[in-house]
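The same chain A turns up in both complexes below, where it pairs with chain B and then with chain C.
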Partner chain A sequence: MSESEEDMYDSYKSTDEEQELDLDEDEDEIFVEEDDTELNFTDVVAERNRKKNYEVEFNVHSVEGIVKSQDDEIIHVSNILGIQKQHAATLLRHFRWNKERLIERYMDDSGSVLKTAGVITDDSRVPKFMKVYGFVCDICCDDDNDLNTLALSCGHRFCRNCYEHYLTQKIKEEGESRRIMCMASNCNVIVDEKTIELAVSPEIHSRYRTLLNRTYVDDNEYLRWCPAPSCEYAVECHVPNTSLTRIVPTVECFCCHRFCFGCGLPDHQPSICMLVRKWVKKCEDDSETANWISAHTKECGKCHSTIEKNGGCNHMTCRKCKYEFCWVCMGPWSEHGTSWYNCNRYDEKSSQDARDQQAKSRASLERYLHYYNRFANHEQSAKLDRELYNKTEKKMEEMQQTSDLSWIEVQFLKKAVDILVQCRMTLKWTYAFAFYLVRNNQTEIFEDNQRDLEMAVEQLSELLEKPIEAEKITELKQEVLNKTVYVGSRREVLLEDTAKGLSEGRWEFQGFEELHE
Partner chain B sequence: MVDPVSRRLIKELKDYQKEPNPDLAELSPVSDDNILIWKAVLRGEVDTPYEGGNWILRIEIPKTYPIHPPKIKFLTKICHPNISFKTGEICLDILKTAWSPAWTLQSACMAIRLLLSNPEPTSPLNCDAANLLRCGDFMGYESLVRMYTQLFAINQSSEYEGTS
Partner chain C sequence: MSMALFTKRLAKELSDLKINPPVGIEIEEAETFKSWKLNLDGVDGTLYAGERFALEFRFSPNYPMESPEVVFVGNIPIHPHIYSNGHICLNVLYNQWSPVLSVRSICLSIQSMLSSCTCKEPPPDNSHYIRTARSSPKLTQWSFHDDSV
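Here is the complex of A and B:
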């Protein structure tokens, strides 16, 4: 290589190095910017606001909101189809608020749609009270000339009194609102809201409006009333019924009640609705009585009567058919010779089959009891933890008096109890989930998460039960805060993993063929 | 002044008397003292296993009639999937949820008569009769109905039994 070439090479090299340095400087600048962003906490906030796998989007609606939604849809349909609002409302209710289906059908055959929905769009026949000379009401047979009468668009005329009684009975006693028909027999014309407002008292009309709001929510598969007592909010959640095998749509109402949108039961994460139904049924009915019978009794080998052993002797005689057999191996007693109390016959097929059946049954019962006891224990603990609220109130007051902490500063105790109760409920349902879970590597991970949460919950529970020592309040506060955050994060990890597993179809459940199709 | 229920019932009675219904041998209040309890005698339809029979119905009319339906039951024993053999109770939608104030006692009785020849075995009050229809044994069903018609509804005194 010549000198000039070497020089050239050097110059190239130095340029490269300079470029590298420049790049480094750029990187430094970029890094500083990133650092700056971290200082602004935007990433942290974004991470916190990110929807978790086990969360669903939902909205809570007040009665006013529901009324507004109805009105908006009615106006929309009324404008598209060019019909009066009360007729649009009747059509929408007939089609259970399925706007798209209504418009499609109406465009195809408006006459048929109007007929089946019980609507006559005759603008000249506006329902109003009027006196008709010589009119006799077919219902009460009154023929008074001063009689106020009312006819729907179908033309069937009856007196005001009869209409009022009829509508009051339909609304107040039968709880009907969506399909109140004309009083004439075989007439399916619907009494619209305008007519009802005209004919009944304000009290009955208010009841009618309430019932209409109810039907709006009941007819809409994406709306559900909050099941908490005396709560008037409705929750909207766009999770179709078909997704309930892959997601647990837990929602929270403004009244703080957390429930599953799919089945309306209180929050049962991480268990899916189908599994919850099966588990609740298993626990409620006597499905385990059969298991107890098969675990603690045996069948006579001859007549199959159920026999419970009531003495120490293994030489059994069936009371029904007088068949003699050995309780230990279930084989015929005649094969036993003189060995009365201890049976060492192990290999005979007849004995082995009987023993296997018995062992299976006992194992099944013990497995169920293992999960049920833990499920019930957390349920009971959650109830007791709720009672902790009262103790916590006292503790919080005590803390304020014995230290310089303000009311706001002692709220950490209440938050800890809230998290504790929530985690207990989650733990409770993990046992139902685990009961139906097919054992594999995934199960191990699930059980590890379950164990971690359980340990953390017990530690937090213990902390909250501790008596307060004035000099250790700051330590206690720090400890409770740390443990609360940790317990919350353990719950999140468990729910995140199970939800992810459900959406990926990673979990296998026994006895749920419909989930594996 | 006559109350609306009495006014309506008097009109119904007059309508029936003015134009008697051959399928309804009788339709009138049991006594002059109480217009809210009526009696009807239903004739069995020709070419059905009920042919030749006469069944007495007891009709209790509520004070809110015709907004609310009347309570109607058979006093004469009858074999029918939708009628209780013991109590005479009738399972018919127009006497419950599908009632309309425009229906009259006469039209209600005619609906019951129509039910006799059009049984609905899916909502039975008499399971034995319903099971025969469900398993398709129409001959067995008809002969059973004929037997009970013969036993209880033919040549029986049409005298009203006030006992319920």
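Here is the complex of A and C:
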């Protein structure tokens, strides 16, 4: 772990004693900083733990951590209930790792818990390979006397080969791990992990362990795999699904990927998951394109070719069939007589209805495009900012050779670009937020914050585009640092306000009736 | 998966069915170990008495670790758990399959499912199901609410 990772890890570390899952081992870390001598210990803890409204507490776990936490849970339950580890594991998986519920039910009626979970805790019947005289395997019909056989604690006995085939099929082909049952019909006894290790090849066994880890995280409401490609960390965050209308739980993996714990999509603060889903779908929807076409084009009344109006004149001539008509009322031009470029048929009922329809769809489309263009613009600009940074970095390398600038001195640029890109992502999602937001006097602050952040971002972006001169590097550095801090603080102000509003139920979103009953 | 187990099992099942066929069940076609066709007669004294149906079994090389694909073909029985495309809602064909089960035991289960039927009716969601189902019933996410019919 690098120093900065450790830092981040600490600052998000939960101290909640009630926390159900405490997967972290380094319990003895203490939040005291040496320079903070004027503060006493409790003050420091309070300061470090006072989280911002838009932040949530979370932990990042490696695969080893995930394995270890399963082992810890299993040992714990095995001790409490006085059963073997492999049985405790089967029970925990059956209860989707809800340890409290398992223990409560077990204390209440252990017989029925064991039966439904498919566990028989009979120490005299630990599964092992053996040769049984006169045995015939019901599956392959083999009856060799030196046939190796295996029976689970239910007593259903089959040959070793059939067991290996069966388990390999379940694990490799069906991806099953949690509930692989006895091969006998109507027997729900689970093949425990110890028996599986006994019966399959090392390759299949390691696949089995991987599947178990996967289901452990998938089954657990408070764990989620980092969605970054080939990243193997899992994030733990105690925000339940039911809170996702009031909070946008944003987490950051050790791999630096920032994502929403609620839905797994990349960081989409300040928009809530539900709104993001709706917006993404709207943008993908082809009907928006269709709307655009209907608002900007008309069909020739005669041959139905699509005609786009690109000038101011209402006298349209279809390029294809030469039909002449009026753009305003769509009627044939010949009926316009001498009124020429001033259509006086505008008030006729039929023309009016057609136009009302068109106007409505155009207004809603223009509103959508207003937000969409800004949304898309920040996405595009973030890419350009990254490109700009790459170019700048090259330039800095060149400069290092001709002047006495060191690598460390140009790092402020990287930091600035990172913040800039992050702010653009936030801004991007403020436009989806604003699209659905019902305007009232409460929303003015949001709009002001959005504008301030927008301005700060553009200023920083402009600053980074400035040509770099070696002799002015100190000046530039100071200016960039100041702007970077400022931009970051504008983002914080905006996110604080939107997050606070969400938790207070201050925002009203149109098209989300389910949020306001 | 070894071919040996797959072919050995099916060869054994085939000879058992030929030597000792269950009442009302008859092999129509079993030329390969890929698919078999069996005739199934409605049992006397039940709603299906006098009717003859055909079941098609398709085996993968993972049989019997994996269940066979079983559908009615041709004359499809009208039954609350049988869709008009031949798909059968019966748990032993899907999640309750066990490698101990066989072509014979499947035929007997289906026969008893027909015999216990008290009302000749298609499944309530038949028209929706046949529009949306994939060709193999094994690709359907079955939920078994009622095993008594």
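The definition used in the following text is that the second predicted complex is superposed on the first by the 385 of 517 C-alpha atoms of A that agree within 3 Å, B and C clash if a C-alpha of one lies under 4 Å from a C-alpha of the other, contacts with A are read in each partner's own complex, and residues count from 1 in each chain.
The criterion applied here is as follows: contacts are C-beta pairs under 8 Å (C-beta built on N, C-alpha and C of every residue); 3 or more make two chains touch, one makes a residue touch a chain.
In this text the structure is predicted, and so the values were computed from the model without any measurement.
Applying the stated clash criterion after superposition on chain A shows that chain B and chain C collide.
Once the two complexes are laid over each other on the shared chain, residue contacts for A:230 go to neither chain B nor chain C.
Once the two complexes are laid over each other on the shared chain, residue contacts for A:141 go to chain B and to chain C alike.
In the superposition on chain A, contact of A:334 is made with neither chain B nor chain C.
Applying the stated contact rule after C-alpha superposition, one finds that A:242 touches neither chain B nor chain C. Of the residues of chain A, those at positions 138-141, 161-162, 165-166, 169, 183-185 touch chain B in one of the two structures and chain C in the other. Those residues of chain A that touch chain B in the complex are listed here as 138-142, 161-162, 165-166, 169, 174, 181, 183-185. Chain B contributes residues 4, 7-8, 10-11, 64, 66-68, 97, 100-103, 107 to its touches with chain A in the complex. Those residues of chain A whose C-beta lies close enough to touch chain C in the complex are 138-141, 161-162, 165-166, 168-170, 173, 183-187. Residue ranges on chain C touching chain A, taken from their complex, read 1-2, 5, 8-9, 12, 62, 64-66, 92, 96, 98-101, 105.
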